[in-house]
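In this document, chain identifiers A, B and C correspond to the written order of the chains, with residue numbering beginning at 1 in each.
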């Protein structure tokens, strides 16, 4: 290998301020959004039935502010949203509580684990729409179906995570506590609770995400009110801008809730753990998906 | 028999943080190596030893000066041994040996593996071997391409003392049998004296501090009194050059 | 081979004891699994008895009867219909997701640019994909394929990006030092490094893809497990719905545990010794 004499190179001129901003992470993300909207607009030119961004935005504006869509009376946006939120919270509460209880039991007793684990696994594998069907078959068109769909869908996620958290309390730490004769209450407060808190939270977060998707499904199939119902309403009416608009509302809520609120809280709850390890574990949980 | 010709080499890295100073890894090195000699490059951390090897092997480019590594009229073929064995973990030992070749030199690969005592490992994965064995494969690999110039970057520094001693013996066996030109980077003066014909001492900032010739026959045993004497003498000179705070 | 341990007599005894417990442990595990399934069956049976009618919760024997009917019927046609759609969708997800992931991993700019769409794509509920696929393709083979592809693609892309970012620089340096060409480096270093990540992406999205694929069949298919579930739902045939659901669940669990895990073990044989490092 031979190299010719090289003089000290000057570094290339740094890019101008606009270009620099464009290359930055924020610039890139915003560019992505702009490009996406542009592509969407392009798509509407090709496919006739696809509603364009402007139409959807307009629809949403009218729907949310309570105007009228050229003859079709708007749904009461906030009423429907509230209805869905109420059902969602109720179902989540049921699923979470049951999951917490069963999770603690499974995590604490090997026998319980042997008996219950496979049942929970089956429940985990069941698709949400099946629960939507079953609850509708059981309870007909009512509020019960969505609430219970959410409960059934959320329950296994909570149970599995909580069980994992309880099992993660290593015997070493328990032995140490026993050796130092730490009181039961102190053990609970400083050993068990913090250790499990992170997992409980992870379970809750998954439950929220899958539960939210589940309620959309359930209200779609068996609704008489709520976000899912409205989504279907516009779909059935062949007004796809309405369909897309409501879907956006639906996604927007959960993305904001998850990224802004839950993500922060989870990082706090898991503060003491190795972040990479946490990510890997959670990814394994996500394995079974919605 | 390679010829290495380095003239006024310098390597300056841009500052690691904004507003900091550029990092001079190599300030000014001029050096000629000719013939089938074992040359060690010794120095503390930050004296540019690894950077020098990186430039010689083409992984980095110099920012000043010239570097020429030739075998007669053509560019020299290189072999390289790293601190960590750098074997592809998803390929067997034999596949690793063949990866660095451009022909199917199965027999050559097998021969060199035998010379380091690893004939039984052809179809094993690196994960099944100990650190010392992996490094032996790394050395066999470097020798098996029959390079004109062999670059070795602190190859034994990650091994325990016993394994390192054994590997030094393997290395000497290989070298006396093949007599390649070797550039061997190490921070261990004692090791350098045992192995080399010539020791080049670098100072921090990447300049040559000293150039010492060792005139003893090969292969050298670590326990040989003549070797030990040389080691003591050179260590003494080091003490004078870089006095430590601890009493002698 | 790796751990050269001097074997003494007591060591041999320890090993024998360990083996005995290992066998005992395995036996106990099988027993536990068996117990779990028996428990599941028992609870189901009792519940169905308590709830009374067949429309509420059919009993296990009733469902088994239904399953038999299904098998005597055209189970395999339906089954294969679903399997093919999902596999095709996965194939598309890998084919598209891998280059996207490569791009994201190699270039900071593209990583940032594509991050948002990929994440949002992952947040879109399966229902949306199912309905969109139906709107676009109507009742066809391609609807589920599109939906599965879209939902699995982000997982593959994100994982591939991780894999590309994590390629061992030192192996690349070694290859450069030995004068390997770019294509050689790609084939021998990059691809084997990234392959486990592609696989991880597939595994992660596996259940999700199945569920969404089946959901899409509910809307826009004339064949397949999803279609069957919907059909029986509309007929209010509870035993049949439960029967098909159980078959679906059983298939997923079996596929996961036996096929995926086996493939993983063979592809990544070299990793089992990695822990020794």
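Criterion: a contact is a pair of C-beta atoms (placed from the backbone, for glycine too) under 8 Å apart; a residue touches a chain by one contact, two chains touch by 3 or more.
Fair warning: this is a prediction, and the values are worked out from it, not measured in the lab.
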Chain nearest the global centroid, as defined over all protein CA atoms shown: C
Between A-C and B-C, the pair with more C-beta contacts: A-C
Distance between chain centroids, defined by C-alpha means - chain A, chain B (Å): 54
Distance from chain C to chain B - Cα centre to Cα centre, in angstrom: 48
Approximate Å spacing (C-alpha centroids) for the pair chain A, chain C: 20
Chain A, residues touching no fewer than two other chains: none
Residues of chain B engaged with two or more neighbouring chains: 58, 78
Residues on chain C engaged by chain B in the complex (per definition of touch): 1-2, 170-171, 173-174, 176-180, 184, 188-189, 192, 268-277
Residues of chain B defined as touching chain C within the complex: 57-59, 77-80, 82, 84, 86, 88-91, 99-100, 124-130, 145, 151
Residue ranges of chain C in contact with chain A within the complex: 32-33, 35-37, 39-40, 43, 55-56, 109, 112-117, 120, 123-128, 131, 135-136, 200, 203-212, 214-215, 218, 229-230, 233, 236, 238, 241, 245, 248-249, 252-253
Residue ranges of chain A touching chain C (in the complex, touch as defined): 23-25, 28-29, 31-33, 36, 47, 49, 113-119, 121-122, 125-130, 133-134, 136-138, 212-213, 216-217, 220, 235, 240, 243, 247, 250-251, 254-255, 258, 283, 286-290
